[in-house]
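There are two complexes below, and they share chain A, which is joined by chain B in the first and by chain C in the second.
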Partner chain A sequence: MRIILLLLSIALVSVAEAAEYAVVVARNSPIEALDSERLRDIFLRRRSFEGNIPLVPVNLLGEEAVRTQFESQVLQMDRGQINQYWVTSHFQGIKPPATQASLQSIKTFIERVDGAIGYLPISMVDDGLKVLHEF
Partner chain B sequence: MSFKAKTILLLILLSLVPYVVTMTFLGNAYRNDVENRLMEDMGHQLAITIDRLDQSLQALQNDIEFIASLDIMNDVLTGDLDRRIVNLLLLKKDDLALDGDFDVVDASGLVVASTALDSIGSRINGEPFMQVPLFSTFNDDNIGTLRVRYEMSNLTRYFANDDNFRYALLVDGERYPAQMQSADALSVSGVIGLRPEIGIIFEQNRDFAFAVLDSFTRSFLIALTIGTLIISAIAFLAASYILRPILLLSSTARSIYKTHDYSQRVRVDRSDEIGNLASAFNAMIQGMQDLIARLKEEGENRLKLAQEKNRAEMLQTLSNKLSKYLSPQIYESIFSGERDVKLGSSRKKLTIFFSDIVNFTGTTDQMESEDLTALLNQYLREMTDIALRYGATVDKYIGDAIMIFFGDPHSRGVEEDALLCVEMSLSMQRRVRELHREWRAAGYTKPFVIRVGIHTGYCTVGNFGTESRMDYTIVGSAVNLASRIESTAEPGTVYISEDTYLLVREKFASLPVSKVTPKGISQPVQLYKVLMDEAAERVKTLSQDGFQLQYQPELLTAESREQLRLVLEKITRESSS
Partner chain C sequence: MTLVEFRVVGACLVLCLLHLPVMAQDSGYEIGLGKSVNDWLTLGGYFSTEYEKSSDVDQLQLDDVAVMAYGEFSNRFSYLLELESVNAYVANLERDTTSSNFPPTIERLYIDYKRSDHVSVRVGKQITPVGYWNQQPINVLRETSSNPRFSKEMVPKFLTGIDVHGFAPLGEDLTYHVYLQNSRDMDEANINIKPVSHYGFALAKQYGKGWRIGGSAGQFKEAMGSTSSTRTFTRYWQANGRFDNERYSLIAEGIINSESAVGAGRERSKAVYVQGEYRYRPRHSLISRLEYFHDTGVTVPERIGILGYSFRPVFPVSLKFEYQWHQESSYNRFVSSFSVLF
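Now for the complex of A and B:
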């Protein structure tokens, strides 16, 4: 089982290397760039503001590849660790980020909600969005 | 109204009073009480229903508030691109079986999700029935509203309405369900606690509500009717039982009044007051019957007595009348029963008297008949009175003549009879002389002068004639002789036969007068004139054994004295020789 997981992670890393996804915000967002550390804090709700700007992270619902890759590469946690994290955080009054059921709705969410930050395939990034990080 | 009817009515009324009181109680007090209880009960039921509706509404409120709190509502921000809200709402609508729709409106008023799919993308105005605001889960911004379009059928479905029980909601004057309010219904109302603008009415059909009571009342009425009939029958029987003897008394009394049959009795076999009354009635009728019988008997006796008395009086009257035709002695002897009234006769020595009025026809020719009758009657009455005074038997009146005899039916002895007869005759003559004065005073110038003839001899005395008509009289030659003597007598004198003379010569001075020879008798009969009063006193009588000498000194002439001397000398000489 460990062998399989190991093999799988290797494979994923290899995909990430291709930089298919990007962390994006709305075009009009004052945020220009965020490093992995910052992204990790934001999506784990350890950080709610970037400067004076409230941040609204949004996850893709389910176990889509983009999310899995985001969690492994940006958050550097597998699903078990994440679940564990949110169970613990829940008792501290910290709720996980909002979710959307589709990539399209994530895109719309980011465009419409101030401070929204999410991840999308690079292919979906258009003029309305601003890429902060790729992975 | 008869007593019987009154009694029956009274008994029925007395019996009905409890029923009427009960019915009045049932009809008013109990009915009101029942109504109050029903209303109270309905109030409780209404409260329960309101509670249930409140719970339902509260549950809906809770549901939509829960839905509103879900992360998924963040999808409002994306216009529900993934239709997650719509799907949830549809599921919830199904789950709640909601009549109506859920709408999710974003902050701009645009419908982003709705169970009415047509509404998506449109705008909704107006106040929804229920709504909750939506807040983003990440920064609590108001991102829209979850609204509920709510039909009243969601509430009315809880109403199990039927003909008898009806709930209805009142919203803005509209009634749900839209049915007419019953005019005759018990009704309570209230408002829903969560939504005071929604009124609720609970009605109950009055007929149904009071069905049990009405049914009971009906049964009671039927029972009452039957009871009344039974009571009436019992009252009738009781009244009849009570009154029968009284009616019997009444009918018996009436029957007795009509038929006068006092033997009727009332038969009442009872020992109560009415029985006593009947006994008293019977006793009274018995008393009346006895009394009537006694009265009847008395009446009959009285009638008999009266009849007998009448008869006796009649007989008395008759006999009095008859007595006028009979000599009192005869009359008395007949009526005292001494003598049978039958044909028969006996021989007796009687002294017979005849008198008549001298020259009666000549005297009376010149008189008026009334005067004649009056005179004659007076004369006969006077004579008869004298005769009766002397105990004579007046045999008959023959015109102006009177026939009298002594010696039957009562005799004092032949001599005494003769004496009485002569004395009576002298009395008659004296009375006639007295009457002369009266008659003269009365204007009768020719008064009656009578002459009398008396004879004593054997006669046949008795009833002569037939059984149907008989006459008590005497017959015989003595009678004829007496009559002959009378007709021979001088007016105003009394002539007696020798037979009578021999009996009375001691007492009455008499002078021998003429001799008569009656028919059928060969020897002439010497008659004597009885001297009256002064004439008698003037007659001297010497009576010794062997002779009797009568003489009237003043009438003796010298010649008659010489004659007497010669006779006496001759008698003396002859007897001495």
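Now for the complex of A and C:
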């Protein structure tokens, strides 16, 4: 009985900790994986390349759960800190990443634009996309 | 414009701007981020007003008015243009006189080429990539209305030339700049030092999210008769450190200059400041700064203490008050400012 309870609790913890979202690129991209530090630099536009490949980060418009989760877990910033960062960057002539209005349009954007990188719920990832990082 | 009209217009402007965040939200425009027309054109700008009161100064001024345009031609090429009117309108409240200076000057004009994250090239008139204060020179982005003397008198604020910069291949969070100027400035109005040549390098290293340290070294040659008829050639060594978390910021910068003059010996000057900011509530913060400045040509070094308060209804709108205590008490003064980045 104890063993069953132990296995059950391990399973529950695993379910609770399973990642819901993923940072993705097109399946044909040569990029295989990126850590969260590198992703932070890319989405804050401190870095624009992976190797020699120019990157095009794309954000979801608004404050949907996937975006706020990405900001808190990967960028490790809240919305106020992010706004402050982009205001300062505006003076430096740097714009925030492009946005798309829906998750479906993000998926299409990533599949069609060379170097595009964005985030989606794992449930939307199919054969046309490659997962670089889960969160 | 008379002084009374200036005050009325100024008061209306402040009221409008304090409501701007609400109005802007309704129109889809986000204040502080400019108006993006397309990939190759984003428009923006900023302005600041300043009031200063001391034993012999009682002055209100429209300090800076600037417009900016920037954009990307491709993944690798981008540009930025900034035109600015400095001291656009000054009202001397003690003498009841006014003056204006609206013709704009070229503050920045450059093209960027990104070869990789390790090598980018900026060509044109740009901010000299030295330290922190110099690279965030506009009132609205600063913590206080006033600048430390460090940032005004020791290094040319602008560079008309080339800057090669990027992430150093040696370390993930190490960035570098190597810069060179070998001409006069593109527009010599409103610059602090007028060099005919200037070159140097800067390094910065980020440690985690909070700590950042850096330094730079370089030398510049001034045009005769620009800021001083005797100073011609200056070498500088500069260091900076910074710590930030959600509630506190601590910044320190120091510099040593070695200046050689025509027909005279070598003079050294040094400046250092330490500044702390405590964000005690969202949008409200207290700032204190201690400055030390010593020019060997002057017998008594200057020490300045500053206590200030900053209120930002939103980050790109800033209302600041400060009081400065100088070693020579007749220089003590009160300064307040209102500034907006749009």
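Following the convention adopted for this analysis, the second predicted complex is superposed on the first by the 118 of 135 C-alpha atoms of A that agree within 3 Å, B and C clash if a C-alpha of one lies under 4 Å from a C-alpha of the other, contacts with A are read in each partner's own complex, and residues count from 1 in each chain.
In this text, a residue touches a chain if its C-beta (ideal position, glycine included) is under 8 Å from a C-beta of that chain, and two chains touch if they have at least 3 such contacts.
What you see is a predicted model; the values in this text were computed from it and never measured.
By the touch criterion stated above, A:112 is placed in contact with chain B alone, chain C being left untouched.
When both complexes are overlaid on chain A, the residue A:84 reaches chain C alone and has no touch with chain B. Of the two partner chains placed by superposition, only chain C is touched by A:93; chain B is not. Residue contacts after overlaying the shared chain place A:54 against chain B and chain C alike.
More chain A residues lie in contact with C than with the other chain of the pair chain B and chain C. Comparing which residues of chain A touch chain B with which touch chain C, the overlap comprises 54, 56, 95, 115. By the touch rule above, chain A contacts chain C in their complex via residues 37, 47-49, 52, 54, 56, 76, 80, 83-84, 86-88, 90-91, 93, 95-96, 115. Listing the residues of chain C that touch chain A in their complex gives 32-34, 36, 42, 44, 46, 68, 70, 72, 75-76, 78-80, 112, 114, 116-117, 136, 138, 141, 167, 172, 209, 282, 315-316, 341.
Every residue of chain A that touches chain B in the complex is listed here, in rising order: 54, 56, 95, 97-102, 104-105, 108-109, 112-113, 115. If you check the complex, the residues on chain B that touch chain A are 71, 74-75, 77-79, 81-82, 84, 136-139.
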